[in-house]
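Labels run A, B and C following the written order; every chain starts at residue 1.
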């Protein structure tokens, strides 16, 4: 087990390094890095100072090394717009995005998996057919359009739910979260739904496909031959088997959700990293862009790592070798 | 045949699969019986419908297949009419089944003890501790050394032979009246096969359980079974006490099957083969299914299903069975 | 063997040659259609009415997109044709001899025409990027499977890393780094998709590679290139078709999302996403049609592709076959 952790950690660090090289190349080597990291209105003297600070007169690999040390120190430059350290800026906005992403994924899994399993178990019932039909539909709706439409219906026309902003926050382990307040919840519903709809459809289909495939396997027949009730077969046997692909894909989808959150945040004026970065791309506030990229990649690698861990917990064939008798 | 001694009587069973390409008559009017404590060998090639036969008895036929006719009398009751709930109570308790491929039979993500204990507790309301102990005993009964250690292991940690023993142990946990074993040793190598056969023989003798052993391999049942039923293309072609049938088969197919066993052929001579190939179970014609490969067939075999002839406690379904107690092999 | 007399032939079959397999007696065989694989496939496909519907819808959309300049009532991007007095009209409004079936936007553009053109742009970008991705992915996958060993490991490593990143994220990163523009969008879409094709083709190719006909081809000393593309490739295509449907739908969603955010296609090539974005501000004052209809167009396009792709997947999935 520890060997596994060490192996994955080294792999992760490897990927991080590659990403840092890519970002370095993208930002520093292409074009004028000074231009990237300094305010476009800076004076000539400031530019020269920056050039010296950045060590642009030094060979490339040394520049990379400086870049890397800077990154590790957390120094990614200051935002042009806010004149604050970019990393700090991104980090302060991260909890809002993460909260949104997690709640959406949770929504997708908690509702999607049972629905999908039902559909897989009784594929010919009317309910199942509507679930599946609904899922293809949900899968085909562009998230931004869904967001607009539900705002129109629930906020503009019906006035039930707020159309923008995040609700009141409470501190949970020092991180502000909004789902613990009623006001926060009402603000969460619309954005979480529009963000999660696609994932919900995906989960339904995954769960259904998994259930359907597993139902035909011999071990299910054997379980039924033992006299187990259908409920027991589904919950005890099939569920564990389909959790494996569901968990793996959920990890990937969490990353996708964080990325798509950019849209949701823009539409709902949700104060997360996504909105920040879109604005930054618009005004070419490159330090912020770089900070966002690095943070997201780190998060993403961490998610992958956790997923791998979960995978080995769920599937004993991976965890334990063969102890042939 | 003393009816009260019968644990299972199958009468005119028909199981059809309604596929897009047509109706597959996997089990096409089959009748046989098994007495208490008796071992019946059900022999047939792949595609003869023998596995479907086993599933039909337990009500485990997957769609698009279903039992369309006939009776399955188990301990006096016609279980073909049973609801799924009633069948559930029977399965694993009064009738158990062992499958062919032990790798796929056990759930790879669950521990052995979980899978064994649930088999017990689904039928009896006893606590986990007692169930655990019974499971351990069950493992010991099938010859698995140090059962306690094995219990907390996962299926992939066992060899094929061990896994099959576990499957057998599970089948026997609730002391069923009848076990249906569907090619349980086909996927194992010969030495393990011999061990398992030996184990099964012992168990049956000691516990008085009935056993239906489904296989394509004549040599396997030769030492084990008391009665044999030969299946071809969804129908039974011959039924009878095993020694009689194997020494003097009445049906041309049985005759051919026995001739084909390699050990029976003489050295240096070409191996005997029944000519032709197994017909598809789709679009079965009304006559005898074996006629295209039979040396003795004629116009009658083409048009009408062969009737039964009873001779000396045997049943043969053939228009031209070998007379006088069968052909010499 | 004399076969002039048909009766003789039948007789011979039953009497003298008992070992020939006899045809089953089902005379109903005469009326069955030819059982070629293609026909079976088509008839299986037709079983799902929704999928057939989806196919025709997509066909319709495709044709619309193709002929947009000729069938639109108005060219929405020709400023000379626009009249600001026509702005913000409700759907069905008639001005002069022109009917704005789906209303107009803030600058007097006919929504119907804008949608036609938008479909054209969105479809073009998605289809082009998919084609390029298929080509690149197939080549990489084939090379990987055919040469095996180190090449295979290297390529698959890259593919795995690429695939472990969520597509939207990769697209975002690339746009952030490369800047905006239609060609950059296509590059991002290709970068997001090629790995799926590479992996799919490699999977099929590995299976096919060990089959005898490939061995036969290499015995003939055909060049690697010939074996790969002429012999291997056609047999690896079925799963690719399924991936194509999923990917095109996804590409459309990503492209329209990026355009919605303003970092996708530029205003000169307005995609449906941009149209939806334009309508956002109007929506809050109740003028839903500016965002609604382009969105519907998108939904229909993606839905039809998904319907077809879904059913294709059910048909072609070997694991679900009994």
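Operating definition for what follows: contacts are C-beta pairs under 8 Å (C-beta built on N, C-alpha and C of every residue); 3 or more make two chains touch, one makes a residue touch a chain.
Computed from a predicted model, the values in this text were never measured in an experiment.
Chemist: Using the mean of all protein Cα atoms as the middle point, what chain has its own Cα mean nearest that point?
Modeler: C
Chemist: Among all other chains, pick the one whose mean CA position is farthest from the mean CA position of chain B.
Modeler: A
Chemist: If you average the Cα atoms of chain A and of chain B to get two centres, how far apart are those centres in Å?
Modeler: Once rounded, the distance between the two centres reads 53 Å.
Chemist: Could you work out how far the Cα centre of chain B sits from that of chain C, in whole Å?
Modeler: It comes to 49 Å between the two C-alpha centres.
Chemist: I'd like the Å distance between the centres of chain A and chain C, where a centre is the mean of that chain's Cα atoms.
Modeler: 26
Chemist: Which positions in chain B are in touch with at least two other chains?
Modeler: 62
Chemist: Specify, in ascending order, the residues of chain C that touch 2 or more different other chains.
Modeler: 322 - these are the residues of chain C that touch more than one other chain.
Chemist: In chain A, which residues are in touch with two or more of the other chains?
Modeler: 216
Chemist: Spell out the residues on chain A that touch chain C in their complex, using ranges where they run on.
Modeler: 15, 18, 26-27, 133, 136-137, 139-145, 148-149, 151-152, 156, 163, 212-213, 216, 252-253, 255-256, 258-260, 262-263, 266-267, 277-278, 281-282, 289, 292-293, 296, 300, 304
Chemist: Tell me, which parts of chain C touch chain A in their complex?
Modeler: 50, 161, 164-169, 172-173, 175-177, 249, 253, 256-257, 260-263, 273, 276-277, 279-280, 283-284, 286, 288, 291-292, 295, 298-299, 302-303, 305-307, 310, 319-320, 322
Chemist: Could you pull out which chain A residues touch chain B in their complex?
Modeler: Result: residues 216-219, 221-229, 232, 236-237, 240-241, 244, 314-317, 320, 322-325 of chain A touch chain B.
Chemist: Which part of chain B faces chain A closely enough to touch in the complex?
Modeler: The touching residues are 55, 58, 60, 62, 88-93, 96-97, 99, 101, 104-111, 114, 118-119, 122-123, 150, 153-154, 156-159, 162, 167, 170.
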